[in-house]
Every structure is written in C-alpha cells, then in structure tokens.
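Below are structures written as structure tokens.
You will see subunit A twice below: alongside subunit B first, and alongside subunit C after that.
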Partner chain A sequence: MKAFRFLRPRTLAEASEALRREPGAVPKAGGVDLLDRWKERVEEPEVVVGLCDVTDGAALRLEEDGALVLGALATLADLAGSDLVRRFLPALARAADQAASPQIRHRATLGGNLAQATRCGYWRLRSFPCLLRGASRCPVREPGGVQETAGIFANDPCASAHPSSVAPVLGALGAEILVGGGPEGGRGLAFEALWRAPEPGRSDVLALEPGELIRAVRIPPSAHPVRVGHAEVRQRAAFDWPLVTAAVGLTLDADRIREARVWLGSVAPTPHRARAAEAALTGRRLAEVRATFDGRAAAEGATPLPGTAYKAGLVAVAARRALADALERS
Partner chain B sequence: MSREVTYRVGLIGPEDLVARHPALRREITVQVHDLDADPWPVDAALRWVGREVPRVDGEAKVTGAARYTYDVHPHGLAFAGVLGSPHAHARVVAVDDAAARAVPGVLAVRTFAGRRVTYAGQIVAAVCAENPRALDDALAALRVEFEPLPAAVTTEDALAPDAPRVEPGRTEGNLHAPPEPGNRAAVDEAFAAAPVRVAAEYRTSVQTHSCLEPHGCVAQVHPDGTATVWASTQATSFFARGRFSRELGVPEARVRTLTEHMGGGFGSKFGALEWDVIAAGFARETGRPVQLMLPRRLEHLLGGNRPDSIQRLELAGTADGVFLGLKGETFGTAGNGPGGAGAANHSVYRIPALWMRQSEVATFTARGAAFRAPRHPQGFFALESLIDLYAARLGADPLEVRRRNDPHPVRQAQWELGAERFGWAAARARRDAGPLRRGAGCAAARWLNAGRPPWQVDLTVRADAGVLVANAAQDIGTGMKTVLAAVVAEELGIEPGRVQVRLGDTRDPAGPGSGGSTTTASLAPAAREAALRAREALAARLAEHWGVPAAEVRSPAGGFEGPEGRRASFAEACRLIGDEEVRVQGTRRPNWAGPFGETAGCQFAEVEVDTETGVVRVLRVVAVHDAGRVLNPLTARSQVNGGVLQGISYALYEEKRLDRALGDMVNPTLDTYRILGLADCPRVEVLLTSLEAGFNNCGAMGLGEPATVPTAAAVANAVFHALGVQVRELPMTPARVLAALEEAPR
Partner chain C sequence: MAEDPSVPPARGITRRALFQGAGAAAAARALLGATPAGAEEGPAATPWRTQGPGAVDVALRVNGAERTLRVEPRVTLLEALRLDLDLTGAKPVCDRSQCGACTVWLDGRTVHACSVLAVEAEGREVTTVEGLGQPGRLHPVQRAFVEEDALQCGFCTPGLVMSVAWAVAQHGPGLSEAQVRRACAGNLCRCGTYPHVLKAALKAAGQGG
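After this line comes the complex of A and B, so read on.
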C-alpha cells in the first residue's frame, strides 16, 4: 500500500469540505473494500478522508413524515439489528444480516456498500489488464476469460458486476440517496442516479460531484401499502457475495399492483433495474402474479457471455422467489 | 537381540461391532526388539492412551499466545518479499531496479533478468528492506520488461499438437505418458464378455493448499558462524538442507531450525523452497535476521496445489453387481512439475481385469505439491462415481454393490456400522417433489501406513518428577504433542500434565517430515520406548538406594515395588535423581508384519440440492475410519473433521481459476478462492473403529490423509442420488449442476 495523508474530520460537513479542498482525495468508511484495493495498489490515493471519527453519519431515524433516513455510516450490523429497520423494512434487515460475515458486517457501512467496487478479479489485480484501468479491451469478455461472476446486462464493453446485495432491496423500497454534506446542505438523488456506467479508463462507480458524499439513504413514506421481498442465490452461505440478488417492491391498491420495482444485484456494472419484470407485474392482481410470474421477464435484455449463461436462469429464479417473499412476508 | 511376543490384536471398539465381528480379533506372534516395549494387546486396560486428553497447546492457540513463524520478530528484523511474473511464459528481458533501490530503507535487491519464466507468479525479483512499508514500495517500484511467449495453461491446451512446450527440446511435447500397460488385449476380452459396461469421463480442478499461515521463514546468521531459522515447515529436521544452508553460508549442522507452531501444511511445506533460499541469501548479505512470508496471492500461486485431472474410465461387471474389469486413461497437470498423473485408486475393490494408464501433462502453471492424500480424492471421486453409475444401471443399492466387491474385513464392518448410524436405507428411500432434493451417497477410503524407523526420541526426568520429551519433528496441528504426552504418561504411570513435549527444534534428535500420515505412528512408539528406558533407569536407582538387586525392583503402573514390601511412587523415585537428570532415548524400531496393514474407512453424505439454482449443501456426513489404535480420540476426530470439511470444500467450492489466455490466477484471495466456511459446515459424525494393528508397540497407524479421501466422492454420489444425474466435474458449482440438469434426459 502506498502511503497517503490521512485526514480525520469530525462531521460530514467537514468531510465534504476536506474532499473539496483536496482534489483526488478518497473517502474511507469501514475500509473493507478500500484496503484490499490499496494493498493491491489498484488505487494509490495521495489523500484519504477517514470517516471513522464522523459523529453525525450513522443515525437511523424515522422522520415526522414517515420517511426512514438511514445514515450512510451505519454499519450492516446496525441495519440488521435496528428495531426500526426490522419493524419497518424487514427485507432490508434480512439482506443486511445475510451479507458477508458477522465480522465484516460490523465494519462495513451502508454508504461503502453502495459505493463498493466490482469483485472482478481482473480489475482488482494490478497484473491483469482491465478496460477500466486503461487497457483497450475487457479480458473477461475474451475467449480465455474467467466469466462465472461477470455481469450479464450492460456488459459491453465492461463485464463487471456491482456486487451489493443490499442495494437491490433499497431500490425495491423506492429509496433515494441524500448526497452532499457541505455547508449549503445536500441534494436528493434518484436511486439509479447514484451510479455511473463504466467508462474506459475510469474506475469510480458513483456519479457524484467533486466533494460530494453519500450522507444517507431515504426511504420515502408511501400512501399505499408496500410489500418488499428479496432473494439471493448464494453458493456459500457466508463470507461471500451472492451470485445473483433480486428484490421486488410492490405498491398496492387493494389486491392490485399499482407500481412494481424490481432490482437485481451482481448482474451489471451497477445495481440493475429490471424494467420488463416491473411491467409484467404492474397493474396485475396479486393472485394472478402469484400463479403466473415465472421471473423470466427479469432476465429480459440479458446478454450473457458463454460462462455466464447460467446466470440468466438464476435471475429468473431469484426474481420469482423475491416476489414470493414479498407476497408471503409483509 | 529380540524376544517373541504373542498377543491378541484387532478391533478394539466399538464394543457391539467387536461382538458382531469376532474374526476381527486374532492372536499374532511378533519379534520384539529387546529394548522395545511389549505391544499392548487388544484388550489392554490403558489409562491415558485411547482417552480424550485435551490438546496440551490448546490454550496457547485459542488465546493467541502460540508463536507462529509469522510472529517471530528477532531484534533488528528485516523484511523480504518477491515479485512474481504476471505472464505464464515469458523471457525476462530486463529488470530496472534503480527506483526500488532508491526507496529509503531498502537493504538489498535481487533480480532474475534473463530468466525464462514458465508460470505466472514465478519469481523475477526480490527485495529486502528495513520495514514492510519500504519492502512494499520497493516491490512496486521494480520495473520488469518481459518478452511474452505463447503459453498453454490447461491440460487440453497443452496437449494440442501445436502447443508451446514447457521443456522446449522435448520431442513428446508436454505429454509424459508411461509405457502402455501390456495387458490391454486380455482386459479388452474381459470387457467384451462382460454383461454390463459403464463408461464416463470425470474431471477435477486444481485445489490450492490455502494454508492459513503462508509459506515462509525467518533466517538469522549469528556472528559466531551459526544460524537460527524459524520455518513454517512440515519437515523441520531437513529444512536447512542443501541450497538453503549454502545460501545462508552456514553448514547445515550449525543451523538450528525451529517450528514452534504451524499454521497448516497439508503436504505443501516440505523443505526450503525458492523464496526461503532467497531469504537465506538476504540474511547472509545483510547480516540481519530476515523474514520472508508469502503474501496470499503468491501463496495461492506458488504454495503448491492438488493437480487437476481428466479421467476416462470404464467399468465392467456382472448383472448382479460383481466387478469384472476396469479400464482407465487419465491425464493431470501439476504444472511445471511432476506428480500430475490423474489418479489411480482402483485398489479398494476386487477388480480382476485392470488396465490403467495415467499420464502427466506439463503446462505453464506453477508446480503442484503433495496435498493430503495425493491423487486419492480425485481418483476416488471418479471411480466411486462410476460405481454408482454401474449400480444405477443395475437398479442396485450402491452400498450393496460396494460390499460385494470389497475384500477388506474391517471396511465390511465399517460399511455396516456407518450405514446403520447414517440411516442409509431411509435416506436412500427418500424422494422429494419440490425444487429442493435430498440425496445420500457413500464412498470408501484406504491408506497404508504404520509409520517407520529410524527416529529417536529423547526423554529427560528431573528430581521434581518433571518429564521432558523431545524430538525435532513438528506438530503441524495434528496434536502430536498431546499424543506423545499421553503415551509417555501411560508408560510412566503419571498424569499427561506432568509430561512436557518439545517438538520442532533441531537441537533435539531428528524427526520425520509430516507426510504420508506417518508422524504419530513413527514417533509414538519411540516415545514409549524412551519412557520404558526411564522407568528402568529409575528402578536401577531405587535398587541401589534400597540395596537390592536391580532385577528385584518391579514397576507396576505409577510406581515401583521392591522386595519385603518396599514401595516408591514415581515422584519418590525421581527424588533420588538429585541435581542430575535422567536422560534416556527411545528408538523407533522396524515395523512388524501386522495383519491389518491397510487402514480402511468409508463415509456417508447427505446433501440437499436446489435444482433451480444448482446450489448444493451438505447436510450431514458420517465418517467411519480405522487408524490402527486410536491414541487420542479427541485429536483423531479432529483430523477426521478436518478431512471431511476439506473434502466438502474440494467437492463444492475450491478451484484455482486461471485466465486461459493470460495464464494468471484471477481468484488468488480468500474471498474469491472459495473455501468451505463455518456457515456451510454440516453435522459431521465421526466413528472410529480403533484397531490394534500389530505393527508397533503402540498399534498406531495413520489417519490424516484417509480422512479426506472419500468425502468428495460421497458428496458427488449423494448429488447423483438427489438429481438422478451425475455432475462429473469438481467442484460442483451451481453452473455445473445446472448444466448437468439441463443435459439430463427428462
């Protein structure tokens, strides 16, 4: 790891200010993801803004309007253990509780989870060529590439996959992102607007302005009943990312689906919204979708590589199970 | 020189099994060396041996007090590391180390310009620095110019006619095939006449040892011309041999090697390897103690691996389940090195007509290494899978088919015991309708090892009745220290807590490398003989003290008796030692020809397969193993648990993934190289059929390796039972399970 200057602000406002002041500075939350990247020297920041001493970033609050605001510095263990989250967002609590391992969940923050980089071994090892790190092509897509965990949507020219299993549930909950933190306050971002599509030569995944931080995730209140379910396909039960995650959020009008949100994880360079599946669910009656939804719509538009063909099937299974979870649980 | 001893050997327990199998006990006569202890008969009443004595170093390990090579930081320690090639095949044109040398704190740099590298990770430069940070910066500052050359990193690619050659001049290319076995015609005839034939191709992937403590050592040259080395090795006694001591500039006899605690070896840590030799050179060059431990990525790449295999097998049999013949052609690659010859393991069952050719294939990958039962897990996976295919063809119970063809009397009893405990009949009768399907499978294990001479164990007794047992062999985690303490305590009639065991220090007599599951069976008999010597020495002192002839002092368990009611406890006898010490030695004598020469085992597994996602979970395993006389059921069970878990990991998760074009490993971390974790551990029930084997004064045999031999096979057969279709490639990942289901006729 290359030595860096380490700043330790006390508040989110100070942190954003530090980021603005120091171009190229990187915010560090739990460091679960970053330390590996630095040790491998895939990234060599000159300045790191540590969020470890920030005291105003970890709260989990119920606002007066019924919105839930989840501080970006809350850990996955905080989410899984919070009475508030368990009561109002049980699917999120379960997703947080299934991620990684107990040790990691106590360190990994919500903000870092959303901003985590791909697990693509080619990107994470300096000795491999990688499109995002300046190579002319993505070797995963080439004939000799190891593809099993690669993306199956929007995978050209980069076949990476965003591995968060928490993000899809937030997407299904209709979450929005509060970013900013400077003295002038922040702004709200639609959930999908948090990420950028990969570009050759660029490794950052977030679509933030210089100096911006994820401050919190806001789950808006709903005038209608909402049901949220999620399902993961995990090869190993712990200390691993799912092969595929699916989350389904349904806003109901009595027994009819007013709005559906279907999000997938580990299938595309960013958390992936499965619009065809949403369309297949919207306007339908619960009893009907319970009987007929086979999840295949969630895989629509997939362009799997030879080694990831199986993942399209997993997407359908996970989407179907996520729907069953939504109907069964809440 | 020797005396004849007749004693009863055979099955010690469990009791009901002994009652059901009287033939598993018998009387034998052996020639016992005059200095050796009498063997314990099958029904010997023993106080410590065979009892659950907790690990003597358990507390040190769980509290972190145990010192591993990583933890050794002598004053003035310098840190060394190596840079590996990112190319599988290349010429190192030039190494520019100017920037590396300029890093403050760098003490020395070595480069290997001109070298032809033939696998990714191969060392092209090395650095020694004041501190880990300077080391890391310097390694990153090295600029290496490569001329990449074409490579072939898979067995199939390396066998292609135009494949680049690992050994350029070799006319046979990369194939190292043994001569064709001559009996092909006879075997073909047997096959032609056989009523039933089944054939299939099975494949296994490369598994890395993934020791938690990576390879490496700390080397220090002292001003007096001696040296000390702390090594993470399973062969402490031989670590400093050859190139290592030459590089150190100190003759081997003046090098003291220490292995206090070991964080895993599994066969990959015999002797000093290239980076150790580099560390030795730096230690001499800098005059500083130098630590070089491989980082995880290089540990995966260079630390050794279990070669992969492609196994094409055909089995012939009768319509009622009797094997008639086996044909097999196998290929395997251990990369640049030898040892990748697919697998053998036809030896468990009676197979009258056998034709088997096993070829090695050289590839541009790092060399393999011995790995817990080399060749066996892969070979058993293939053959035991084929047996289930045959049984399915016959509509027969695969367990019954095995029992029909299994000549081993102990394993016959084990099949019976295991099936009962596992609930085989019920598990096989189960049929699930939903997407989650359960299945049950079984497989056999074998091993052949009772330890060997010529090791010596030192034993010292002091006046305070403290006993020290010492040998240079290492305890690689098996519990050797605990076992030796119990054996000595048994012989001396004292508590194991009184016995201190010192292992892993070459100031003590040389010991065996931990390989072939031989260490316990090699050293325990010598320790027992040493304890017997100590008893005799104390008896002699008592005789002198009492003024009676030595022959009149007897030593029943826990004390001494002389004529006219004279008695002394062990502690009282020790007091006579005064300021001196009693120092004795025991020798490992040659094995006798015991009747239970091949250890037997079998395992049963139940799995649940999600047929929609292809995810396999192992729910439970029953493992039945014989290890000769079980000296400590606690540490023995722990060996079997570890073997089973490692076997499941091999069956379901572990796979070194190489980019086929670039030749480098894309999953060289512990999160991307999947290993079974706690959350995936099934219930493992270990049944030990303890057996006085008749080979040595302890009756001990080996266990570490056979415990992992049948697991992957049993799991694969359970998956076959659950799905009705075989997954013929390990690991059985979701992708492979789904592909197998897709191809299955519906």
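After this line comes the complex of A and C, so read on.
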C-alpha cells in the first residue's frame, strides 16, 4: 500500500470541505473494499479523507412524515440490528444480515456498500488489463475471458457487475439518496441516479459532484401498503457475494398491485432495474401474480456472454423467489 | 498440539527473529518518513486533523492497557499489533478480509484486523486473543477449545476463538448452534475443525463463558 495523508474530519460537512480542498482525495468509510484496492495498488491515493471520526453520519431515524432516513455511515450490523429497521424495513434488515460475515458487517457501511467497486478480477488485479483502467477493451468480453461473475445487462463495453446485495432491496423500497454535505446543504437523487455507466479509463462508479458524499438513504413514506421481498442465489451461504440478488417492492391498492419495483444485483455495472418485470406485475391482482409470475420478465433485455448464460436463468429464479418472499411476509 | 499463541515465543532464533528485522524497518520508517514535530496537525486553518504520510504517534487501548506507537496511516491494525506491539495471536493469512485469521475485537465487536487502519483504532478498545485469557487463567472459550480438541494446525484458532467468544458474550448460556455458525461465518479453517469448534462453543456457553 502506498503511503497517504489521512485527514480526519468530524462532520459530514467538514468531510465534503476536505474533499473539495484536496482534489483527488478519496473518502474512506469502513475500508473493507478500499483497503484491498490499495493493497493491490489498483488505486494509490495520496490523500484519504477518513470518515472514522464523523459523528453525524450514522443515525437511523424515523421522520415526522413517516420517512426513514438511514445515515450512510451506519454499518450493515447497525442496519441488521436496529429495531426501527427490523420493524419498518424487515427485508432490508434481512439483506444486511445475510451479507458477508460478522467481522465485515461490523465495519462495512451503507454508503460504502452502495459505492463499492466491481468484483471483476481483471479490474482488481493491476497486472491484468481493464477497460476502466485504460486498456482498449474489456478482457472479460474476449474469447477465453473469465466471465462467470460478469454482468449480463448493459455489459458492452464493460462487463463488470455491481455486487451489492443491499442495493436491490433499497431500490425495491423506492429509496432516494441524499448527497452533498457542504455548507450549501444537500440534494436528493433518484435511486438510479447515484451511479454512472462505466466509461473507459474511469474507475469511479458514482455520479457525484466533486466534494459530494452519500449522506443518507431516505425511504419515503407511502400512502398505500407496501410489500417488499428479496432473494439471493449464493454459491456459499455466507462470507461471499451472491451470484444474483433480486428484490421486489409492491405498492398495493387492496389486492391489486398499483406499482411494482423490481431490482437486481450482480448482473450489471450498476444495480439494475428490471422494468419488464415491473410491467408484468403492475395492475395485476396478487392471487394472479402468485399463480403466474415465472420471473422470466426480469431477464428481458439480457445479453449474456457464453460464461454468464446461466445467470439469465438465475435472475428468473431469484425474481420469482423475491416475489414469493414479498407475498409471504406482508 | 499446536503452539499456544498466547505463550510468548522463546527468544533466540525463532520466528520472532524474522520480525525483529521488520521491527527495525518500522523504526527506520518512523525516522525517515516522520513528519516534523508539530506538523502532524497539518497546514494551518483546517478544522480537521491530518496524519501522515509519515509516521505519527497513535495512542491505542489494547487489552486494557494504553499503548503508544508510531505508525504511518497506511499501517493496518494487524501489522501494528504484530510488529509494533508483539501481539502475534492475530494471524496474517489472506490480508484481504477473506479468511478471519486476523479477527480481533474493536469496541467489543469482531473485525478483521487486516482491514482496519491502526490510526483508526485510536481511542477505541482493541481486544486480541492474548487479552482474552493467558495460560493459567484461560478464558472459558480458550479452555473449551483445548478440551474439545478444536484445532489442528492452529493457524485459524485465535481468530475462531475471538468469534466464538463474541458469540458467547452476545448470546450467553442460551447460545444456539445456528448462532455459533453465523458468528463464525467469517472464519475459514482449512483443517476442517468446525465440528469441534461448534462443540467447544456450546460447552463454553453452557459454562457461562
């Protein structure tokens, strides 16, 4: 790991200010992802803005209007163990609790989880070429490329996959992201607007302005009942990322689906919204979708590589299970 | 039986000798890379503290005692514990949050010490397997590991002991098998001692560990 200067702001506003004053500085939360990247020398920042002393970033609150605001510095263990989250957002508590391992959940933050980089081995090892790190092509896409964990949607020119298993549940909850932190305050982003599509020569995944941080995730209140379910398909039950995650959020009018949100993880460079599956669910009665939804709509538009053909099938399975989870748990 | 990590290794030509070199390197690093005295707080007019890139003084609370060391911000807690404080219980194996051999407690919760910076542990309580118990006054979990033969090569053992002791502290005598499995999900044992670890965990919990 290359030596760096370590700045220790005490508030989110100070952290943003530090990032603005030090171009190229990197915010560090739990460091679960970043330390690996630095040790492999895939990235070698000279200035790191440590968020370890920030005191105003980890709160989990219920607002007066019924919105839940989850501080970006809350850990996955905080989310899994919070009475508030377990009561109002049980699918999120379960997803946080199933991720990684206890040691990692004690460190990994919500913001860092959403901002984590791809698990693509070409990107993560400096000795391999990678489009995002300046190569002319994505080696995953070439014949002989290691493809198993690659993306199956929006995978040209970069076949990376966003590995968060928490993000799809937040998408299904209709979350918005509060970013900013400077003296001028923050702004709200639609969930999908947090991420950028991959660009050659750029490794950062978020669509933030210089100095901006993820401050919190807001789950807006709903005038109608909402049901959320999620399902992961994993090679190992724990201590690993899922092969595919699916989450389904249903806003109901009695027994009819007013609005459906279907989100997938580990299938595209960013968390992926499965709009065809949403269309297949919207306007239907619960009994009808329970009997007929086979999940295949969630894989519509997939462009798998030879090594990821299996993932389209897994997406359908995961989407079907996520719907069943939503219907079961009420 | 595998080496008890809490027993201070014999002096002389031992594996520690290897690390004396590293210790000297750390000292040299401290001298060469150190920021001039006073410069640690960074250039004027920032409300935040700045550390490094050279070595800085860090006060840690390790196993109940105040320890001051001089480390660069890039030094991990695992490196600082092993090379600067001579606490070699926590093991470096993958150095990538992928095996659990380096598990210690930070403020009473298990973490992979390889993925925490030493400077970040400032002001927080660090507990290593040495702090849990020592020969002669072993922690019930350590004792149960010995009694249940819950180790073979022993490399994963300090980490597993910390995860099991955390589970016992969390759940008490009612600790279930499923809770042990979940608590140890971040610890790999290539010798496959898991069934004995499970027995040891339930035994220690039953004894009010």
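The working rule: the second predicted complex is superposed on the first by the 330 of 330 C-alpha atoms of A that agree within 3 Å, B and C clash if a C-alpha of one lies under 4 Å from a C-alpha of the other, contacts with A are read in each partner's own complex, and residues count from 1 in each chain.
Convention: contacts are C-beta pairs under 8 Å (C-beta built on N, C-alpha and C of every residue); 3 or more make two chains touch, one makes a residue touch a chain.
Since this is a predicted model, take the numbers as computed values, not measurements.
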For this session: Applying the touch criterion given at the start, work out whether A:142 contacts subunit B, subunit C, both or neither, answering first, second, both or neither.
Result: first
Problem set entry | Which superposed partner A:279 touches (first subunit B, second subunit C, both, neither) | neither
Problem set entry | First (subunit B), second (subunit C), both or neither touched by A:287 | neither
For this session: For A:10, select first, second, both or neither according to whether it touches subunit B, subunit C, the two together, or no partner.
Result: second
For this session: Based on the superposed arrangement, let me know which partner A:313 touches: subunit B (first), subunit C (second), both, or neither?
Result: first
For this session: Please indicate which partner A:48 is in contact with in the superposed arrangement: first for subunit B, second for subunit C, both, or neither.
Result: second
For this session: With the two complexes superposed on chain A, say which partner A:59 touches: subunit B (first), subunit C (second), both, or neither.
Result: neither
For this session: Could you tell me if A:233 is touching subunit B, subunit C, both of them or neither one (first, second, both, neither)?
Result: first
For this session: Classify the contacts of A:197 with the two partner chains as first (subunit B alone), second (subunit C alone), both, or neither.
Result: neither
Problem set entry | subunit C-contacting residues of subunit A that also contact subunit B | 1-3, 36, 101, 237-239
Problem set entry | subunit A to subunit B touching residues, read off their complex | 1-3, 36, 41, 101, 119, 121-122, 124-125, 127-129, 139, 142-146, 148, 233-240, 243, 307, 310, 313-314, 317-318
Seminar exercise, completed: Within their complex, subunit B touches subunit A through residues 86, 120, 133, 136-137, 140, 297, 612-615, 617, 652-653, 657-662, 664, 666-669, 671-672, 674, 676-680, 733-735, 738-739
Exercise. Once bound in the complex, which stretches of subunit C touch subunit A?
Worked result: 33, 42, 46-54, 72-74, 76, 95-98, 100, 103, 106, 109-112, 114-117, 119-120, 163, 166, 182-183, 185-188
Exercise. Where on subunit A is subunit C touching in the complex?
Worked result: 1-10, 14, 17-18, 21, 30-32, 35-36, 38-39, 46, 48, 50, 52-53, 77, 100-104, 106-107, 237-239
